[in-house]
Each structure stands twice: as structure tokens, then as C-alpha cells.
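One chain, subunit A, appears in both complexes that follow, with subunit B as partner in the first and subunit C in the second.
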Partner chain A sequence: MRLRRITSPYLFLLPLIAVEFAVILFPLFTIVRTSFQFYFLLRPEKVGSWIGLENYWAVFVDSLNAPLTFWSLRNSIFWAFANTTFRFLLGVGVAMLLSQPVFRRLKLTGLTRVLVLTSWVTPGIIGMAIWRLMYQSTTLGFLNAALTQVGILSEPVAWLEDPSLIWLSCIIASAWKGFPFVTIVLSAALVTIPKEYYDSAAVDGASGLRRFWHITLPLVLPVAIPTYVTQLMWTFNNFVQIHTLTRGGPADRTMILPILVFRHAFEYLELGMASALGAFMLVVVLVSVYLQHKLVRYG
Partner chain B sequence: MTLKTRTKDLVAGVACLTLFIAVAAYIWIPMLWMVLTSFKSRQDIARGQVWVPENPTFESYVNAIYRDELPKYFLNSTLVAVGVALVALAIAYPAAYAFSRYMRIRGMTTASTSVMAVWAVPPVLLILPYFLIFQISGLYDTRLGLVIAHISLTLPITVWILRGFFAGIPVDLEEAAMVDGCTRWGALLRIIAPLTLPGAASAALLAFTMSWDDLILSLALTSSEVAQTIPVRISMYFGYWGFYWPDVAAFCVLSTMPILVLYYVLQRYFIHGLTMGAVKR
Partner chain C sequence: MTEDSRKMSRRSFLKYAAAGVAAVAVAGGGYSYYASTLAPKEVIPTSEVKGKILYWSWDTTDVGIVDIKDRISRFTDTYPGTSIELVTIPLADINKKLAAAITAKKGMPDVAEVNGPNVMPYAAMGALVPVDEYLNTWRTPGRGSNAPFLKDDYTAVLDYCEYKDHYYGFPISQGCMTVVVHKDMVRQAGFKIPGLDTPNNKHDGTDDTWTWEQYREVRRALTDKSKDVWGGGGSGLTPHWHLWSMLCYQQDLKIIFPEPKGSDKYALDFDSDRGVAVMEEIADEFQNTLPKGAVNWEQTDYQNMMQAKKLACYVSNPEPFQSVMAQTERKFPGVSIPPLRGKVKASKSGNRNLCIFQSPEVNLRASLAWCRYYLGIQEYKGKVYNYAYNILHLPVLKSDLKDPKYMENLKDDLPYYYGVIDGSAVGRAMPKHVNWAKISTAAAKYCEKAAIGELSPEKANRALVDETWQYLKQT
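Right, the complex of A and B next:
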């Protein structure tokens, strides 16, 4: 009886641990191994032989690949921060908007949430296909058609090719899919703040801005920070959005690490180099998760 | 209430509603544009017909269903996603229970942290080992293989959501049942399980959605219509120059509709799941 009481918690966990081991840990171990092996699939006779750090050298030092590797790393970091910050601010803004009394008074709270979350539920590739259509330069593209008709633009703009617009276009499309999640989570956090806090602050004569700074912000931060960090991670890891919008182009301008790993593996069939790059990505992500865990103490 | 505060309230209300209409336009115009485009005919496009198609046609829908074989891909996506949801639930449910009830036992914190760390693993990494392992084991280009691969993505979020739901159920309930002679398993099945049904629904729905959403694993691990999913088929359109937009639009509209219907019918569980994972800790 006593033995059972001690072991049963672990028994509950056993399936999860076993499956995680099989579907995550073992594959990750395989990646680290293949990153030290020759894995160019077009030369099957040599595949699997140990070549030390050659894959890492090819990806990070060799002048054939290294510039694109570091360019993608730079893009990935820029994309993750710029995109997450934009969608986060938009998400928070909309959450604050939906918490205004007018929506409650008109009994619109439920409806607004459902409407907002629609774009989040739409599968990622379909959302990005929709935006690729919106950005077309022909009359098929809504933005160009609308803006030229209104007279804001004199001629169509290549939203997904013009170097000065391309990241902005990608961010607007990506935020469309991503911001509702932030809004829903933050709305739930805003609801938990007792109304009395605001009432007594109002009695004491605190302005709207001060109420936000001294009541809303500190109470929402424990939810907002982890949400920002997970969004940052998801954006850094996300493949489908840039892949669907630009395929990393034109001329590798929007190349990011996930797409580069995919290209090494399935276009060049260089699984060894892809693994080396992948192992590097893993280190980047795990180190940032660790740092975030150490630096930001929440909850 | 004085007239002055009432006018102030009214102005604020109108301003809020206007802002919300702008947000709604940002979300809805692209979706409506996709629907409009799917009905455009070649004549409309040739003549530069911008807004409402003058000669609307169902040709693109016929193409999507018959020529591009949407039902096959739809079946693949649905079977894989349902499989993922059920398996993820079966594995995550007992684990989430353990996490919510025995957190003080040795090793639990480590186990929980490492499960959550899986959240950070970039899916693009997993395609390489899965590709190699599936080639050898015969799981390449099968729906079963995709279920296994997608499980890796969905487990952390299902555990996270379910743990939130378990945390909301007082331990006293089970203890009372156990005092009355129930075993722990009996208490779990008779008392706790019915109470966590909404949580299980939320977790299963999010796992389903994540599996449906996945492109990268499906793209790398399938090569034919035997297992290819909807996202893979849509990405194939963009692989060729000169694809015909109304066809893509019709394919997207048809394959999104069931997901949106599912969402509108079960929205309570979606929203509950999302907020449960993040707010209750």
C-alpha cells in the first residue's frame, strides 16, 4: 500500500516521459550525431562516415555558405523581435480597447472576442496565402487596388519585393495571425483585476495614465512577460509564415534560419550541414530560454 | 449623472466602437477578399474587374474539389489531427493530474520544467531525424508517421492546459471520495474526470488545431496524396510559377470553412483553453 502511494505519481507521468523521450530527446540526439557525419544524400557510399567538425566549418566558416548563415541569423533575430513587439503591442492595445465599459454595456464582449480570434484560428498557411493575395501588384491585390483607387498611390507597389517595405508587409501579415492570441490572454488577465482598485484610485484623483501605470501594468506583467517570451520563441521558430509569403526571397533578402535549415536538407540534400545549423539553432533557443528563466522571475 | 459626464461617456463609447470597427476590418477584409477572389472568372481578371466579380463562377470550386482533389487532403488532415488530439489527450491527462497534485514530490519540478522546455524546440530541427528514422522504419509518407511527428509539437500545450483545469478542482473533492471508500483511480474516474471534461475538450481542440496548422513536418515527411495534408497541398500551389489565384482562393475557402465552423460552435472551449494555460498557474 505504502509503496503504491509512492510510485503512483510517477506511474501517471510514465507515458508522458516515455513519449517525450521517443519523439523529442531521441530525435535531438540524432541531430547532434548527424551534424558530425557526412550526410550528403547524393553520395550514398560515404553517408554516415564521421567527419568531425567539417559540417560546422562548411556552414559557419566556408565563404560559400557562411555569409548567408549569418545574414539569416541576423534576419531571424530582427524578425523575432520586431514582429513579436508589433503584434504584442497591437494585441495589448486591442485587449485594453475590449475592456472598455461600452462593450460590456452593449453586451458585445463575447462577440468581440469571437470576431477577433477568427484570424488566429485560420490555419497559418491559409492566412499567409490570403495576405500574399492582398499584396499582389495586379488588380487581384486588394491593397494596391484600393490605394490606387482612393488616390493614395499613383501606381501599384511591390509589397513583398520592395526592400524598404518587405519586412513591414511580412509583419503586418504575421501580426494578423498572431495578435488575437495576445488579446485573448491579456483580456483574461485584465478581467482578474478587481474593479475596486480603479474606483479607489479614481476617488484619490489618479489620472487614467497613472491608473494604468500603477494598477494595470504591475498586475498584468506576470501574464504579459511569459506571453511575450513564448511569442518571441514561436516567431523565431516559425517556418510557415515567411515560407509562404516570400520563400526567403527575393534573392535571400528575407532568409531566416528555419527556411535555411529546410533548404540545406531538402533542396541541397546536405543533411549533415542542415544538422549542424539545426544544432546551432537549438543552442540559441535553449540558451535564451535559460537566460529568460534566470533573468525574469515571475509567478 | 450629469449631462457633461453623459456626453463624455457617449463620445468615449463611439470612439471605442470606431476603433473596434478598424480592428475588425483588419481581420475581416483579407478573408472577404479571398472569398471574392475565389468567385472571379478569367474574364473578370482579364478585364481588371477589381471589386465584385461581374461574371461570378464556381469553376474554381469545381477545380478545387475534382482536379485538385481537396477531399483526399482534407481526409488526411482530419484523420491525422483527430489521431493527434486523442493520443495527446491520453498521454497528457494523467501527467497533468500528477503535476497538479504531487508537485512537492521529488523530481516533479524537473519533469515539469523539461516538458515545458520542449515548447522551445524549433520544429524545423525535428524534420531531419524524423526524415531519416521514417525512411528506415517505413513511416515515411504515412498518416501514422504524421501523427507521431505532430504529437511532439502538441504535448506541452495539452499538458499545460489540462494542468490549469486540474488546479481549479479542489483536492478536498477526491479526498472526500477516498474517505468514503473510493480508490484513487476510482476518485479520478468518478469524481474528477467528469469535472475536467471541458478542460479535456479544450486541450484536444488545441492539439487538433496545432496538428491541422502544421506545414513543416508534413512537408518534410510526406511525398504523395496518401498522407499529404491540406497545408502541404496549398504550399504546392506556390511552388510553381503562374498559379491561378482564384483556384488557390477557392481551395483555401473550402478548407478553412470547416475549421471556422468548428471554432464558432466550440468557441467557449477554445477561449477557455487559451486563457487557462496562460492565466491560471
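Right, the complex of A and C next:
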């Protein structure tokens, strides 16, 4: 009886542990193990043999591959931070807007939330394919057609080729997809802030900006910081958006680590090197999770 | 029943169950052995072709799907008891799915269409059934086949299918570079369209057609940047190494592999002024006769631009040729597709090959029967019937299937290479484990750098040569 009382919680947890093992831990273990093995599929006689750190050397040190690896890492970090920050600012702005009393008075809150969530529920690849068509570099593209029509542009722009525009174009498309999540999370946080705080501050003569800085921001930070870090991780690992928009081009200009992993695995058939990059990305994500945990505790 | 008798009965049950499992294992293993060592000289009796096969095709055009379904219907009428599950997967995805299935050793089809350069990698991975003995059997005079590759004097089309002296596939079509043009735009500019507006269309090698220089002249004449109208260029295929390889072919450039097999000498023809000329051509197209951003285009972008009368021409490698041509002509009523002559001609080797995949579940007999049927070797009640080799989709040969000179013309066409990476070059490369994907990715990268002006053509070609050498040295 006593034994059953001790073991039964674990028995209830067993299905979850089994799923976690099958879906998360075992694949992770396989990736790490493969990163130490020879896994070039065109040489099946050697596939699976232990080669130690050779794959890591090949991607991080070998002069043939290392430059692109570090270029991709640089792009990935820039893409993650710039995209997340832009998305966050947009999400915060929309959340603040939705929290205005006018929406509640006009009973538009529900409708507005549905409209905001439309981009979030659109499948990623479809959304990015639509943006790719909009960014078409001739007047066939919606953006060029609209902007040349109203006189903002004198001639069509190559949104996905011009080096000064390509990252901005990708960030805008990605932010459109991702800001609703930030909006919903922060809207929920804003709702929990007691109205009396704002009333007291207003009585004391605080301006809108001061109320935001001294009331809204500190009370929303415990939610905002983990959300930001989570978005950072998701963006760092995201493959679909850049691959659909540019495939990492032109000429590897927008190459990021997830696309480089894909290239090594499915185009070069070098699964060992792809796994080495994947293991590196895993370490980056684990560090982010640790930082998020610390920041939450700090919050 | 007593406890002892229950135990006895349990023991007996286990004994019989073990015997049953052993019997199944022996039978299954025996069947597998039988399947894998199917005596090739047998004509596969109709009664023994049964079961289901999974067939992957990359022909996603509506015309092609109708054609394949018709063949499947006729096959299942000929072989009652069989069924074919057709799965169509776009060419851009099918190789990735096959590679994933091969790696996982799960989910492989019985038969799949494999494009030329991928037959050997899959064979190297041990994923394909060698088909030498079936080919030799089907070549036997008197078996009623006049398929060229089944004749001893025309085995070139099998180049892509050869790996370490064995064959691993049945070629079912060859490729051809064509030019897709907007008829109205080109005619309004005063140009005649070969094959439509020119009088000499005898299909005897002297047809009026555009050379590459004439095609360039048309593109430049039709470009009007102020009106956002472009003469065109580029390739309906990404990545742009296709365009590079085709242009190298124009210049007769190639990677020369060790000859005889096993020697160490490589030579890169494109490490030359002519290689630089190829990069200059690419830079010229993307900077002068195509709008900015075209380097990111895919085939649908080219088609949309043409539909909107903003693009006059682009090069294409339609595959499968007939169905893509038919669909393009239907989709773009103003468009015609004349052949480009000179050296931009038929592929020497089979672009599309039927391969049978090794797996414990492969239905080998039915798969072989399907391959034979697709090739037009029709068997019925033990007799083999004649057929026409109707799978070479060259535009000039569309109406020539009944022409007695067909085979003679075909043989003359075939010595031309398609691009730098032709079947025989790939075949010679494979034993050295050259990773072609890396070389073609490098070509695409430096083409794009030249196209967008990031590197001059000279520097782009130099960088490509240097990187290609590094990959070759790695092998």
C-alpha cells in the first residue's frame, strides 16, 4: 500500500516521460551522437564510424566551411535580435492601443483581437509566400505598384535583393507574422494592472509617458522579459520564414544557421556536419533558456 | 481444468506459436530471397505479378498526371490483381523526400522517378535494385523492343544509371533546353519565331532556329526599362547553376575527370577566358535585360511576368518535357516554345529514370512489370509486343515517331552535352565521391554574385574555380 502510494505519481507521469523521451530527448541524443560520427551518405561504407570532433572542426575551423558558418551565425544573431525587437515594439504598441477605453466603449475588443490574430493563425509558409509576391521587384509586386502609384517611389525597388533593404523586408514580413503573440500576452498583462494606480498617478499630475514608465513598464516586465527571450529563441531557430523569402540568398546574403543545417543535411547529404551545427544551436538555445530562467527569477 | 493442465496447455501453445513464427520467418525470408534473386531470364508471368506498388512521380502537371493514370489503368487491366498507388511530388521536393526515406530506411516507394544526377548517389547509398540482368534480358533480339537504349549501339542514355559497372535505373525521358517566348511581343518587335514563322522546318538538322547570339539580340531589342518591359534571360529554374552549366555548354566547357578511371588528373575548362565569358553573359542578362530582383525569381515569377507582358523570353528545361510544354502552351495562349539549336540540344543521358528501391517490403515482380510496361514493352499472356520508344520528348521529334529516319536523327543529336555536368562526367566522378551538390551550390552562389554586381565576372569565375578545386581536393 505504501509502495503504491510512493510509486503511483510516477506511474501517472510515465506516459509524459515516454513522450518526452521519444519526441524530445531521443532525437536530441541522436543529433549529438551523429555530430561525432562520419555521416556522409555518399560513402555508406563509412557511415556511422566514430570520428570525434572532426565534424565540428569541419564546420568551425576548416577554411572551406568556417567562413559561411560564422557568417550564418552573425546573420542569425542579428536576425533574432532585430526581428524580435521590432516584433516586440509592434506588439507593445498594438497591446497599448487595444487597452484604450475607446475599444471597450465601442465593443470592438473582440473584433480587433480577431483581426490582430489573423496573421498569427495564417500558416507561416503561406504568409511568407504572400509577402514574397508582394515584394516582387517589378510593378507586378503589390508594394512597388502601390508605392510608385502614389509617388513615394519613382521606380520599383528590389526588396529582396537590395543589400540595404533585404533584412528590413524580411523583418517586416516576420514581424507581421509574430506580433499578435506579443500583443495577446501583453494585453493579458495590462489587464491585470489595477486602474487605481493610473487614477492616482493622474491625480498626482503624471503625464502619459511617466505613467507608462513608472507604472505600466515595471508591472509588465515580469511577463515581457520571458516573452522576449522566448521569441528570441523561436526566431533564432526559425527556418520557414527566411527560406521562403530568400532561401538564404542572394549569394548567401541572408544565410542563417537553420538554413545552413538544411543545406548540409539535404543538399550535401552530410548529416554529421549538419548535426554538429544542430548541436551548436542546441547549446545556444539552452543558454537562452538558462538566461530566461534567471531573468524570470530576477523579475 | 487443473493448474497443471493449464500450464501444460500454455506450454503447448507457446511451442506451437514458436513453430509458427519460425515457419513464417523461414517462409518470409525465403520469399525475400526469392524476390531478390528473381531469375532475370524469366518473362514475368502475368499470374505472378500481383499486389500493390507505391509509385512516386514528379510530374505534377495535369497533362502528365492524366497520362500516368491512363498508363496505370492499362497496366492494372493487363495485370489483374495489381494496384499502383501514385504519389506526385514536385521535383524540388522529391529528392529530399527520397534522401530522407533512404536514410531512415523507411517509407521508400517501390518505384520512383529519379532525375539523372541522383541515380548514382542513391545507388552509392545502396538504395536501388541493380537491373543489369533485366536490361540484358530485355535487350535480347526478338523480344520485340526497339527502345534505343535497349540496343547495343545506343547505351549513352544509360550513363546516368551506371554506378560501379552496374545499372540502377531505366531511363524514360531525356531533357532539352528550350526558350519560352511571348509570341506577340517578339513578333511586334519584328522578329520571326523559329518553328512558327520560318519556312524551313524539316526536322533534319537544318531547321531555322535561333542561335544563342540571336536569342541575345532579341532580348536586348525587347528591353525597355522606362516601361518596365524586359527582354528576359535567366532561367526558369533555380538555382542559377542551371543557367551557368548551360552557358558553359555553349562555350564547350566542362570538368574533365580522371581518365583512365583512377588517375589523379582533373582539369577545369572554365578556368579560362571562356569561363569568364560565361560569367559576363550572366551579369549582362541580370543587369541589362532582366529587372533587379530577378535573381530571386522562380519559374512562377517568370511566368507571371510573361503573362503580364513584361517579359519576352526565358530559358527553360521543362521536365517532363511534353506535359510541361503542353501545360505552358495552354496556360499562356500567347506563348510558343521554339527549340534553341547549336549545342543547346538534347541531353545525352536520361533525365528521368525509373528506379526500384531496395527495401524488405519491395514488390519486386510488380515493380519490374511496371517499369517494363512504362517503357512500352508490353507483355500479354507470355508474348512480347512491339512498341514505339515514345519517351524522348524533343520538340523537333514530336511528330517524328513514325518517321523511319527517327533513330538515325536521334543518334546524331545525342553526342551533344547538356551543360557541364553531363551524365558521363557525373558517372566518372562518383567513384571519387565528389560532392556535386557543393560544386553546383558554389556555381549558383558566384553566378548570383556576378549577377547582382557584387563581384566582377573575372573575380566571380576565379572564386568559383578556387572553391571547385578545394572540393575536388577533398575527395
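In this text, the second predicted complex is superposed on the first by the 285 of 299 C-alpha atoms of A that agree within 3 Å, B and C clash if a C-alpha of one lies under 4 Å from a C-alpha of the other, contacts with A are read in each partner's own complex, and residues count from 1 in each chain.
The definition used in the following text is that a contact is a pair of C-beta atoms (placed from the backbone, for glycine too) under 8 Å apart; a residue touches a chain by one contact, two chains touch by 3 or more.
Source: prediction; values computed, not measured.
After superposition on subunit A, the partners subunit B and subunit C are seen to clash. Touch criterion met: A:271 reaches subunit B and subunit C at once. After overlaying the two complexes on the shared chain, residue contacts for A:24 are found with subunit B alone; subunit C is out of touch. Once the two complexes are overlaid on the shared chain, A:116 sits against subunit B while remaining clear of subunit C. In the superposed pair of complexes, A:124 makes contact with subunit B only, with no contact to subunit C.
In the superposed pair of complexes, A:140 makes contact with subunit B and with subunit C alike. In the superposed model, A:201 lies in contact with neither subunit B nor subunit C.
Of the two partner chains placed by superposition, only subunit C is touched by A:263; subunit B is not. Comparing subunit C and subunit B on the residues of subunit A they touch gives the larger count to B.
Contacts of A:162 after superposition: subunit C is touched, whereas subunit B is not reached. It is stretch 292-300 of subunit C, out of 166-174, 274-282, 292-300 or 346-354, that runs into subunit B when the two complexes are superposed.
Once both structures are placed on chain A, subunit A residues 136, 139-140, 247, 266, 271 are touched by subunit B and, in the other complex, by subunit C.
Those residues of subunit A lying in contact with subunit C across their complex are 40-44, 64, 136-140, 156-162, 246-247, 249-252, 263, 266-271. Considering their complex, residues 8-13, 15-17, 19-20, 23-24, 26-28, 30-31, 34, 94, 97-98, 100, 102-103, 105, 112-119, 121-126, 129-134, 136, 139-140, 142, 145, 149, 176, 180-181, 184-185, 187-189, 192, 223, 226-227, 230, 233, 236-237, 239-240, 243-244, 247, 257-258, 261-262, 265-266, 271, 274-275, 278, 281-282, 285-286, 289, 299 of subunit A touch subunit B.
For subunit C in complex with subunit A, the residues that touch the partner chain are 96, 99-100, 102-103, 121, 124-126, 228, 238, 291-296, 301, 304-305, 308, 310, 430, 433, 435, 437-438, 441, 445-446, 448-449, 451-452, 454, 467, 470-471, 474.
Residues 12-13, 16-17, 19-20, 23-24, 26-31, 33-34, 37, 40, 45, 48-51, 90-92, 94-95, 97-99, 101-102, 105, 107-108, 111, 114-115, 117-133, 148-149, 151-152, 155, 159, 184, 209, 212-213, 215-216, 220, 230-231, 234-235, 237-238, 245, 248-249, 252, 255-256, 259-260, 263-264, 267, 270-271, 274-275, 278-279, 281 of subunit B are the ones touching subunit A in the complex.
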